[in-house]
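Next come two complexes, and both contain subunit A; in the first it sits with subunit B, in the second with subunit C.
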Partner chain A sequence: MMALFKVIAGRLYQAFLLLAVMSLVGFVGIHSVGNPVYNVVNIETATPEDIRRATELLGLDLPLWRQYFVFLQNLATGSFGISYIYHQPAFALVMSKLPATFELAAVAMIVATVTGTGLGLLAGTRPGSRLDRVVVAATVYALSVPSFWLSMMLILLCAVTTGWFPSGGRGSTAEFLGWDWSFLTIDGLRHLVLPALALAIPNIALIARLARAGTVEVQRADFVRFCRAKGISDRRILFRHTLPNISLPIITIVGLQFGGMLAFAVVVESIFAWPGVGKLLIDSIQLLDRPVVVATLTLVALTFVVLNAIVDLLYAVLDPRVRISA
Partner chain B sequence: MTAENHTAPLLEVSELSLVYRGASRSLPIVRNVNFSLDHGEVLGIIGESGAGKSSIGNAVIGLLAPGIAQTAGTIRLEGTALEAVDGEARRALRGRAIASIFQDPSSSLDPLMTVGAQLDETIAALSPELSRSDVRARAIQLLERVGIPDAPRRHHSYPHQLSGGQRQRIVIAMALAGAPSLIVADEPTSALDATVQKQILHVLKGLVQDHGLSILLITHDMGVIAEIADRVVVMKDGAVIEQGATAALLQAPQDPYTQRLLAAVPKLRSVHPDPASPGVGAREPILVVENLSKSFGGRSILDLFGAGKPHFALRDIGFRVPRAGVLGIVGESGSGKSTIGRILAGLESAEADRIELDGQRCDISHRNRAGSLLGRVQMIFQDPSSALNPRLTVAQALTECARATAPAGEDTSQAAVRARVIETIERLGLQTLHLDRFPHQLSGGQKQRVCIARALLARPKIVIADEPTSALDVSVQAEILALLKETVAENRLSMIFISHDLAVVQDICDDVCVMRNGRIEDYGSSDFIFGQSENPYTRHLIDARPKILAA
Partner chain C sequence: MNITTRFRASGLSVASVLIALFAAGPGAAQDLRVATSYKLMTLDPHFATLNENSSLLSHVFERLVYQDEKLALQPGLATSWKRVSDTRWEFKLRDNVRFHDGSPFTADDVVYTIERVRDFLKPPSGGFQAYTKAIAAVKAVDPTTVVIDTVDSQPTLPLALSAIFIMPRGSAGFATTEALNTGSSLVGTGPYKFKAWRSGETLDLARNDDYWGGRPTWSNVSFRIVESPAARVAALAAGDVDIADFVPARDVETLKQRGAKVESVPAARLNFFQFELGKEVAPGVTDKADKPIPNPFRDARVRKALALAVDRNVIVDKILSGYGTAASQFFPNGLAGTSPNLTPQPARYEDAKALLAEAGYPNGFKVVLNGPAGRYPGDGETLQAVAQSWARIGVNARPVGVPFSVFNTKRGAGEYGIWYGGCSGESVDVCLEAVLKSPDSATGAGALNFGQYRNPAYDERLDKARTVDAGPDRDKALADLTDFVMSDEPIIPLYHFHHISGHGPRVTSYLMHPRGWTTAMQAKPAAN
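Up next is the complex of A and B:
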């Protein structure tokens, strides 16, 4: 019980440290880019008096450390501040964009994990075969193609030329758990396909390579040879023995990539006009909308901490050697 | 199966040839091997590394390593040629007619699955008609048959929660799941301690006696053959040298190779204690160790899942190494004997009341600290292949060592160092032509000689040899041991000799320390330990050694 408490305390400490660092990065970063006040007032009509009043109103006249202090005070009451541009609470603004990003990233990651692991297993059980060579070569291309080019090709081929899928936007949504989701409607699903593919393809390649390397190694292991000698079928060896044994590194990568997608799928979200967190973040940085930037970065940090904890838990579920040795 | 099969032996291998087809050339692995195995019989195949014995086992199971192909001969099981059976039918034979046991039970089991689930899956694969509960009942029954205590509870254990011996029992239970008539056991006890080895051999023997099973036993260990095999096939370089009934072959080996193999096996001498022989501590010690303890207990995230208490690897160890003498440390795996070696070589830290080397106090509380033992004590490791840098020639490795450890003021010119290196290796039976070779161009015995030379060149106060012969073939083992003995006597060296092999220890050591679970269980002069000691654990270790018939 004591040990459990220690680990949780350690995790919370880690989370707080990360949040502090991320909010500082947001603060100092935006501060050094420029003065947000010029994006708030109308430059052409504003008098020096207007600018001074706006600066005071936003608290920008204080030294940076005082501003940070005010931010911390607000944070203690649960507020990340009000967006300079949208005049809404920053945190609520980020949260309103989260479902769109979350469903996009989740669909992309599920597709990538299933396809990547499948390809990796197939290739890894037949090293040196034609299939193996094709998979390995294809992953190199998929990893080297820039995502903006990939996105545009997808739009060109699957939307513009053939008209199979819409080229952008979220389509119609349905409400579930108080949020709007695209994947609950046919139209929304059709809108989801291309951006999800654009995000999934490099990850398919990454996971396929990991899975292939793991499979090649596990297939040589004594216990797989012993399974053959026991008369276990190849299928069962593949799914009951090989798959769990290669899954630890895959889970790690999936966790990291998923976290990254939630915040930094900027290119794909912009090209497909997907109203997600990444797009909000890049827009806010351009407009020097500090409360939104800081709120987004903080949320991302929090997501990574939670994802890390989930990955560690999955490790314990999958690998008994990590669990209590009774 | 036809009626004539009743007269056919269970397994008949005739004119078997196996070839490795590499990218550039083909290498014969096994040439024209003939033998047969009857119902209820144990046939041992013995040979040193590279003899091709494991490949024969793999050919019988039908799982040849990639690149190896059967080019001639037949393997018949109850009269049916196995070459004619392929694909699905051959797989169906595995586990049912022919089961197998591999060398290392730790790697034979899937680490992520409970042993029960693995056993269940084997039973279900071999008898798909059984219901879930029947499978489970049969699994428990098999576990009990191989002597797993508290089988229903152990069914839920993961491999890492079991000891090596229990894991090998589980592997045997799986081999029995399909009620096979033949078990191919490839070095089934080589990864186990002597006492556990004895128990496992006992289990195998029971299977043969009670159930009429036949075992094809592949091993490098004469002791195992003597213990369990009815007949022996001696192999060398892919060919059969000699075969016959075990007792006859061990007593009167015909072929010179078999004779050498037998002569090389270390044997325990029976000791008639001489009451006048000097006891421990009679000679002046070069190294004094008092109350040495070492605990492991890290602070890691894994503490969440495990116990947080520190685990003692060593507790209150005290001994003296006589000047120009050899102290032996024996024990089973996990007894902490190698940890002592690493601590005294300065590679690991520990706590101790007193460590005195040649009259000087030493600090071992931190690694790499000035005044530690580092450098003044040299090690010879178990596996010479991994103890040498593969990218350095022998000359480079030895010169580097001689230079680094040369005392201030010594001539370290190219010529002087080279002369020292040459002198040292020649005394160890190597020649100057070996100097420009890389480790992979040397045999195991030659590599170990280089390691010994490296240790000697540093002019250590003490040499620690940690299982220096365990990774070598028996005949090479004997050479290296003789060499070590000679070197110690010639140079008036002091040595700590760590081993699990009692006969080797008796052969070379003046004093002996018996370790168990991180503590010293028994300590005395070699004659005392082997002749008089009444410590039950010492007696147990001595009794566990497989006895080879009078040779």
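Up next is the complex of A and C:
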């Protein structure tokens, strides 16, 4: 019990440290890029007086350390401040974009995990076969293709030329748990297919390679040979004995990639006009919307901490040795 | 169940899902779908004077006076207006107009709107106060008559009011921005009613069947905010939307091949080079040995030489792919207040060289040519092209393009010697005052005169021209004034880029507006 408490305390400390560093980086970074007030007023019509008043109202006339201090004070009351551009509470704004990103990342990750693991297992059990060579070659291509190019090709082939799927946007949504989701409507699903594929394809390749390497290794292990000698079916060896043994690196990579997608699916979200967190982050950086940038980075940091915790927990579930050592 | 049947069953269900996915087609015939770059950051129509907000909100709200595509004033919610005395205007309002909630539109709503803009809103939401600060008092004489008293002579008050959307007076004081952003009480008199809005994502509108100007053409209008130009082009090419605005010139051919039509109009604006003239030494300007030299731009001959060595045709043809107009003044020739005497000149390198030598720079000098990159069509490439042209007269220019906010910060801090700027406005005198008048923080004049150009004779003539009543006399005065000041080469006019929009087969025609607006009212549907 004490050990568990220690682990949780450690994690919280980590999260706190991350938050502090992230917010400082966001603050200093944006401050050094330029003055956000020029994106708030219309620079082609504003008078110097307008600019001065807007600067004061946003608190941008204070020295940076005092602005940071004000930010910390606000944070203590649970507020990340008001977005300079959208005039809404920054954290609520980020949270409102979260469902779009979450469903996109979740669908992409589920597709990638299932397909990637399947392909890796198939290839790994038949090393050197034609299937294996195709999978290995295809994954190299899938990993080397830049995501903007992949997205553009998907749009060109599956939307512009053939008209099978819409070229972008979220389509219609339905409300569930107080949030709007695309995957609950047919139209929304149609919109989800291409961006999810664009995110999934490199991950399919990554996971397939990991799974293949693991399978090849495990297939040579003594316990598999022992299973064979015992007369256990190939299917059972594959799913009951091989899969759990190769799953640790896969789970790690899935956790990391999922976190990355939640925060930094910027390219795919921009090209498909998917209104998610990544797009909000890059727009906000361009517009120097500091409250939103800091709120997003904080959320991202927390997400990674939580995902890492989940991955660690899954380790313990899947690998008895971890449980024993803990 | 054995493996084969299980597989078959799942295969069937996948197929049925796929069929369902492909079957969902486009919307009904009278629905208009638009991909726009305008973000619509707030539903408060009085928050900031940005096209980003006003373009889309003009479906819901209307102005007293409307500026047509020739920038001429047309009756909006006001049917007529006249200047009663030097400081008093009277507006006659349209009768029998109702807001979307059924309440009648009266003079009292105009009073409310002007007071909300002038007195209630505080920065950063005070963007429209520039248009109301000259208003001393506004009174509803009767339900269809409004009288406005101004602090001084305001010959262009109707033009100023063409920026302001009329809101209904509510029962509970001034509406706050937060309340408006909820969308629950967003009612105007416009041709389309507000249905739903998601900040930075979508805006949905429905036809206002009781519209005073006749039944609007589209039954539903949905805007999708798509900031990436490539994504807007793809959406139009794929037929996901009927209109896409701000199409990059390089994508026009692709769109045409895909069967889309493309419309364009020269923008009522100018992009230009501006000089630092206030300082003895201009930042980034040195001789060829990197030694500082006295500010060469203070000599009008140097400014003229640099202007002569700009090849506008290359910029317009090569960089803007023809979707730009070479410029010699603030607005494209032909719009009100422009001078017929000023026409864009071809590059004359020999004359430019001779002028430079005459001014004492036979060997030229070195400059850093600054500008934003990616803010205006062709901005970064123009810096490159002009730097190459100037090399031919011995001026070594180093082009430096940076993000717009960085550019503004540095320009505001006086770190530039020469830079690429832009000006737009509802009329040409807005730019004449902002870019060229001597800066004065009290009056707000010279807001874009970052280089401290000072010409007292010009200031005096501008003040005088601005007191002339709107009409040919005023336009003539402004045109003469432009002739007068441009002969001093205070800036180097470059080009008026074109607003480009594309539309699909469900729209027969789309009328472009030089202010760059994107609205459903500009689109005519195809006959079914």
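What we mean here is this: the second predicted complex is superposed on the first by the 323 of 326 C-alpha atoms of A that agree within 3 Å, B and C clash if a C-alpha of one lies under 4 Å from a C-alpha of the other, contacts with A are read in each partner's own complex, and residues count from 1 in each chain.
Definition applied: a residue touches a chain if its C-beta (ideal position, glycine included) is under 8 Å from a C-beta of that chain, and two chains touch if they have at least 3 such contacts.
These numbers were taken from a predicted model, which means no experiment stands behind them.
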- Kindly say whether there is room for both subunit B and subunit C on subunit A in the superposition, answering fit or clash. fit
- Message: After superposing on the shared chain, does subunit C or subunit B touch more subunit A residues?
- Response: C
- Query: So, A:66: does it touch subunit B (first), subunit C (second), both, or neither?
  - Reply: neither
- Query: Given the touch rule stated above, what does A:48 touch, subunit B (first), subunit C (second), both, or neither?
  - Reply: second
- Message: Quick check on the superposed pair: does A:316 touch subunit B, subunit C, both, or neither? Answer first, second, both or neither.
- Response: first
- Message: Taking the superposition on A as described, I'd like to know which of subunit B and subunit C A:245 touches: first, second, both or neither.
- Response: first
- So, does A:228 touch the first partner subunit B, the second partner subunit C, both, or neither? first
- Taking C-alpha centres, what angle do subunit B and subunit C open up at subunit A, rounded to the nearest 10 degrees? 160
- Using the touch definition from the top, say if A:280 reaches subunit B (first), subunit C (second), both or neither. second
- Can A:133 be said to touch subunit B (first), subunit C (second), both, or neither? neither
- Message: Just to confirm the value: shortest Cα separation between subunit B and subunit C in the superposed three-chain model, in whole Å.
- Response: 17
- Task: Would you mind writing out the residues of subunit B in touch with subunit A in their complex?
- Result: 61, 63, 91-96, 99-100, 102, 104, 107-114, 121-122, 125-126, 158, 160-161, 171, 174-175, 177-178, 301-306, 308
- Query: Okay, in this complex, where on subunit A does subunit B touch?
  - Reply: 2-4, 6-7, 10, 221-223, 225-233, 236, 240-241, 244-245, 312, 316, 318-326
- Note on the structure: Counting only contacts in the complex, subunit A reaches subunit C at residues 33-36, 38-50, 53-54, 56-58, 84-88, 93, 96, 152, 155-156, 159-160, 163-170, 186-187, 189-190, 193, 270-273, 275, 280, 283, 286-288
- Taking the complex as given, what residues does subunit C use to touch subunit A? 17, 20-22, 24, 35, 39, 41-42, 47-50, 122-127, 129-130, 177, 181, 198-201, 224-228, 230-231, 234-235, 237-240, 258, 269, 403-410, 412, 422-425, 430, 434, 439, 441, 444, 447-448
